[in-house]
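In the two complexes below, subunit A is the common chain; its partner is subunit B in one and subunit C in the other.
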Partner chain A sequence: MSDKTYLSEMKEIRVDENSPLFDKTGMLYKEFPSDYRQIRYFTLLIVQSAPLEIKEINLLEQQISEVIKNAVKHGNQCAVDKKVRVWYSFDSTHAHLIVQDQGAGFKDLEKWNEFNKKRLEILSAQDFEKLSDFVSFRTLKSDDNDGGNALFAALEYWNGGFVFNDSRNAVAMLKSFPQKKHAIG
Partner chain B sequence: MELKIRKNGFNYIIDVNGEMDLYNSYKLKELVMKMLEKKVQRFIINLENVDYIDSSGIGALIYICSTIKKMNLRLIITNIHGSVKKVIELTKLMGYFPITNSIEEAILQMED
Partner chain C sequence: MTIESFNLIIASPLLARLLVLVCGAAVFVALRRKDTEGQAGFFLAIILILALRDGLLSMFAVPELRYPTDVLYVSVVLFVYASPFKPARLALFATLAINLAAMGLYASRVYAGAVGFIPVWAYDLVPVVNGVLIAVVGIANRRDPEAGAARMAAATWPYASAAITLYAALVLAVGDEATPIRWLVAPASYTWLVFAGLAGLRLHDDETLAAINYYEAAIDSLYNLSFRVGTVLKGSFSTEDVLGSMNEVLISETGASGGTIYLVDEFDDIIVAKAYSGAFPPPFALPESLPRKANRVESYMRHAQFRLGENVLGEVARTGKNIYEPDAATTDRAAGNGDEDFLRLSSLMAVPLMVEEKIIGVAAVAKNEPGSQFSEADFDRFKLLANFGTLAVSNFFSFLEANERSGIEKSAGIAAEIQRTIIPKKLPQFPTLGIGAYTTPARGVSGDYYDVIRTRGDRIVGVVGDVAGKGVSAALIMVMIRSILHLITNTDKDIATVLDWVNRGITGKIDMDHYATLGIVAVNIETGELEYANASHQPLLVYRRASDTIETIDIKSVPIGVERATEYHRKALRLYDGDMAVMYTDGMVEAMNEQGKQFGRKSISQTIIRNRDLSPKDIVGKIRTELASFIGNARQHDDQTILIFKMKL
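Then we have the complex of A and B:
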C-alpha cells in the first residue's frame, strides 16, 4: 500500500536571498574558525542561549551541529583561517539561525533536490529494496564519515523553512516549537 | 562512545554506550566489519544507552545495515528512543532499519 503523506508534504531546499529568514535584526552573533574538532563545542556555545522551556534540546543541538559541520567541512573545507559566521535567536516559540561560510557555495543543491524528490517517491511507494540506493546523498567529494543524510532531516526539522542565499554559502532556517494549548474558560 | 560485545546463542549483541557523533561513529562500523571477517552472522545493535546521534551515526547504521543485507546475514537494531528515534524518524528510515523494542524481541525474531 502506498503512503501519500510523503508526497503531499514534498519539501525542497530553496534559494531566496530575499527571504525574511535572512533578516538579522535582533539576532545574536558568533563566529568560529573552521576547526572540525570543535564543531560540537561551537554548537554548545550557541545552544546554551536557548531557553529551558524548549523540549528536545538534544535534537536542536544535533540539527545546529549538522549545519555548522556542513559550513566547516563542505563550505570552508576545514581551512582554519576561514570563518563560520552564525546569527541566532531562540525563545520558547522558535529557533532562528543563519550560518554563513566562506566557501564556493552548495553547487549540488539542484541535484540534492532531485535526489530527495526520488527518495520521497520511493518512500511513498514503500519500496524498501529500492530505498537502499536513496538513503545517502553522495558526491565525488563525499568521504566515509559523511552520512549523506543530514539535509533530509534538516528539511523536516526546520519547519519554518531552510533557505540558501544566491551564492549558496549562507543558509537561514526557522523552527517553530509546538505551544501548549491553554484550556478555555 | 564505548562498545561492548556479548553473546547469546548464535546472536552477538553490541551494546553501544554514549553518543554516536561525527567523531566516533566510525568505531561501530569498524567493529562490525571485523566481526564480519570473523564470520559472525547475527547482529543485534543495542542503542539503549545512546541519547544522541547525528548524521554520521545514522550513516554508520545505514552502512552496517546495507552491508549485512547484501551478505544475506541478520541484523536487528533495538531500544531506539528519545532524540535518536526522532532523528531516524526525521530521516524517514524507521521502515528501512530492522527495529525491535527490546533485546528479547530481537532474539525471538532471530529465531524466525
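Then we have the complex of A and C:
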C-alpha cells in the first residue's frame, strides 16, 4: 500500500450512535463482571462461537481481549459489581462485536484521534525523529501498562469500522475477513 | 446378357485390367482406414471410373466411349495431383477446359460428323498434355514439405505422370485398336495406381512414426515432471517446493537458462512469484533503484509481485495469451535493464497456468546465451508441460484444502467423541432420588460436561461444567476435570474443597490458559441434605414443592483456571419430598431463537413448575422439546446441558 492511499483512508474512531454497527439484531449476548483476572476467560467464551474456518483466530481473540480489557479497566475501573455487556456474531466472512460498559465514557476520544492523525502524518512523512514522541497515547489516568497502542491496532484490525455511541461507553466494531477472489484448489 | 456380349467379354482384355484395378483398390482401401485427409477416396473414385468404363466397353460394342472416358480419367488424375498446389490452379483449370472441349468436339465428330477438319491425332494429344502437366506440377512442388494431400501428390506424381504420358503417347503412335495396346499397355498403365497406393501407405507410416517419436519424447517429459512433483509431494506440503520442482522441469525440458512461476493471489488482483531458478533475465523494466547485481536481481525476482496486466507476466495472467518470442533480443522488453550477461534476454516463452477456464498463474522460461533461441518444438513442449503441471499443482491445492477441512472436521469429531465417551451412559436411580439429564452438543464446540458420581452409599454427587474454548484441547481439560473429580469426591472432603482441588489441578499446570465453570452438588439420598458449591457456573435452581416456586441459589466466584489460590465456598440446604435441584449450562439459558430472544432461566423454571409431578427423566424430556420448539430453525451456538435431581422422601 502506498503512502498516499494510507492518508486518504485516514482511520479514526468515530462517534455515531446511529451507526448500523449498533444494530444488535441476531447477535448473541453475554455479560460479565468487571474482573480483570477473568478477561481472558470472557474472551474465550466469546470467541468460541467463531466458526472453525476462521484462520487467524488468535488475532481475533487478541483484539476482542483488548476491547474487553478497555471496558473492564478504563470503562468500569475494575469495579466488580459493574457489568460488561457483549453482543457478538461471527461467521466465516465477518466478526461483529458490541461492547458496553457502565463507565463514564471515553472522554479523550477527540484527543486520541488528533494524536493518531499526527502520528499517521509523521509516519507517512517518514519523520522518524518526531515519531518517537508519538509511539504512545497517555493521559493523566494512564498507568505504565497503558499506551493507547491497542487502539492503533484496533483501528487497523476492525476494518469495517470502530464506532462509539454518543455517551461513549459502548463501542461497536466490524471485521470483514478477506474472501478468495481467485480460488486455486 | 446376350451370347454376343459374353463373347465380347471373353475376347476383351477386361480380366487383366480388372485384376490390376482390384489390387489398386485393395491398397487404397487399406490406406483409407488410416488416411484422415480423404485422399484415398479420390483414388478409389479413379479406380471405380476405370472399372465401370472397362466393363461397359467389354459388354457393349461402344468403342466411341473409349476416348471420352479416357479423358475423364486423366482429368480426375490431373485434379488429384494439381489441386493441392495453389500456384498450379490456373494451369489445372485451363487444361480441364481443354479436356472438356476435346470431349465435346469428339462427340460432335462421332455423332454429328462435324468438325472433320481436326485431325484424329490432335484428340489423342490431349491426354499426353495432361500427363506432362502432372509431371510439371510435381517437379515444381517436389520440395513442398506439407502434410496431407500435397504430400501424397508430391510423393507419387511420377507414377501417374509416367503411366498416363506413356500410355497416351503409345495410343497416339499406334492407335487404341492395336492388340498390344488393348491387351498389354492399357492394363499395365493401370499399375501406377498400385504403386502410388503403396507409396502412400509408406508415407503414412513415416508420419505415424514421427508422431510416435514426438509423443514418446513428450511422455518422457511428462513422466519426468510427474515423478519430480510426486517426489516433492512425498516430502513436503509446501506450494513453493511443488512449484519449484515444476519450474526446474520446465527449464530442463525446454533447454532454458532459467525460469519462473507466478501464482495469482487468492485474495487480490496480483501475481506473486512462487518459483525462480537458473538465469531468468527479467523480461520487463527493473526498478531503477535496484542494483544490477546478480544476487540482488535474483532476490528481487524471487519475491516479486505484480498487478494483473502489469508487465508481460501480469499480462499473460490477465489475458491468458501465450508469449512465444524466439528472438526476444529484437523486442525491447529488457531494454534499460543493463548489459550484464544475466540480464540479456535472448529468447522468451510465457504461458498461463489454466485450470479449466480459470487462470491460476504464469510460467515463463528464458534463454540468455547470445543468439540462442527456443524452437517451435520447445514451445510445444513448454505448453504441454505447463498444462500438465498445472493439473498436478491444482490437484495438490485441492488436496491441501480438503486436508485442512478434514483436519478441522476430524479435530472437532475427536473432541465430540471424547465428550460423548465421558458423560454417563446410564444414570443411577434410587427409591428416594430420581435423576434426569441430557446434553446436546453444538457442532465444533464440545465444552459441556455433566456427571453423577456415587461416592458413599448415601451420598450422590452431581456435576455440570462448561469448559471454555473448543476442540480437542477443551475436551482434554474436560477429561482432566473428570479424573480429578472421580478421584477426590470419594474422600470425605466437603464439596467446596473438591472445587479447590480441581482448580489447583487445572490452573497453571499446562502451558496454556484453560477455564471451566463448574457447579457441583452433593445429596444425601436418605436425608435430602444438599451441599452446593460453584465455580462461576450458572446458579442452582431449587424447586420447592411446598410453595410451588423456584429458588435461585448463587455463589459468586471465579471459574476454574483463573487463580490457583482461589477458595470456593459452599451452601448447605435441604431437599424435601418433591423438591428438585437443577443444574444447567449457559448454552441452555442463552439459546436464541430466530427473533434473537434468549430461552432464559425463566423458561426453564416454568417448564419445571408445569411438569413438577413427572419424573426427572420426563421433565428433562419436556425441557428438551420446549427448547427445540423455541429455537426453531435458528442455529445452535453452544452445547446445551441440564441435570435434575428430584427427592422422593
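By our rule, the second predicted complex is superposed on the first by the 175 of 185 C-alpha atoms of A that agree within 3 Å, B and C clash if a C-alpha of one lies under 4 Å from a C-alpha of the other, contacts with A are read in each partner's own complex, and residues count from 1 in each chain.
Assume a residue touches a chain if its C-beta (ideal position, glycine included) is under 8 Å from a C-beta of that chain, and two chains touch if they have at least 3 such contacts.
Here the structure is a predicted model, which means the values were calculated and not measured.
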| item | value |
| --- | --- |
| Fit or clash - subunit C, subunit B, common subunit A | fit |
| Which superposed partner A:Gln179 touches (first subunit B, second subunit C, both, neither) | second |
| Partner chain(s) touched by A:Arg40 [first = subunit B, second = subunit C, both, neither] | both |
| Subunit B versus subunit C as contact partner of A:Glu53, first or second or both or neither | second |
| Contacts of A:Tyr29 with subunit B and subunit C, given as first, second, both or neither | second |
| Shortest CA-CA distance between subunit B and subunit C [superposed frame, angstrom] | 8 |
| Common interface residues of subunit A - those touching subunit B in one complex and subunit C in the other | 37, 40 |
| Subunit C-facing residues of subunit A, complex | 24-30, 35, 37-38, 40-41, 44-45, 48-49, 51-53, 178-185 |
| Complex interface listing, subunit C residues touching subunit A | 263-269, 355, 358, 360, 394, 397-402, 408, 412, 444-445, 447, 468-471, 513, 515, 536, 558-559, 561-563, 586, 590, 592, 596, 598, 637-638 |
| Touching residues (chain side subunit B, partner subunit A) in the complex | 21-23, 25-26, 51-60, 62, 66, 69, 82-83, 86-87, 90-93, 95-96 |
| Interface residues, subunit A side, partner subunit B - complex | 6, 37, 39-40, 56, 58-59, 61-62, 65-66, 69, 119, 123, 126, 128, 131-132, 135-136, 144-150, 152-153, 156-157 |
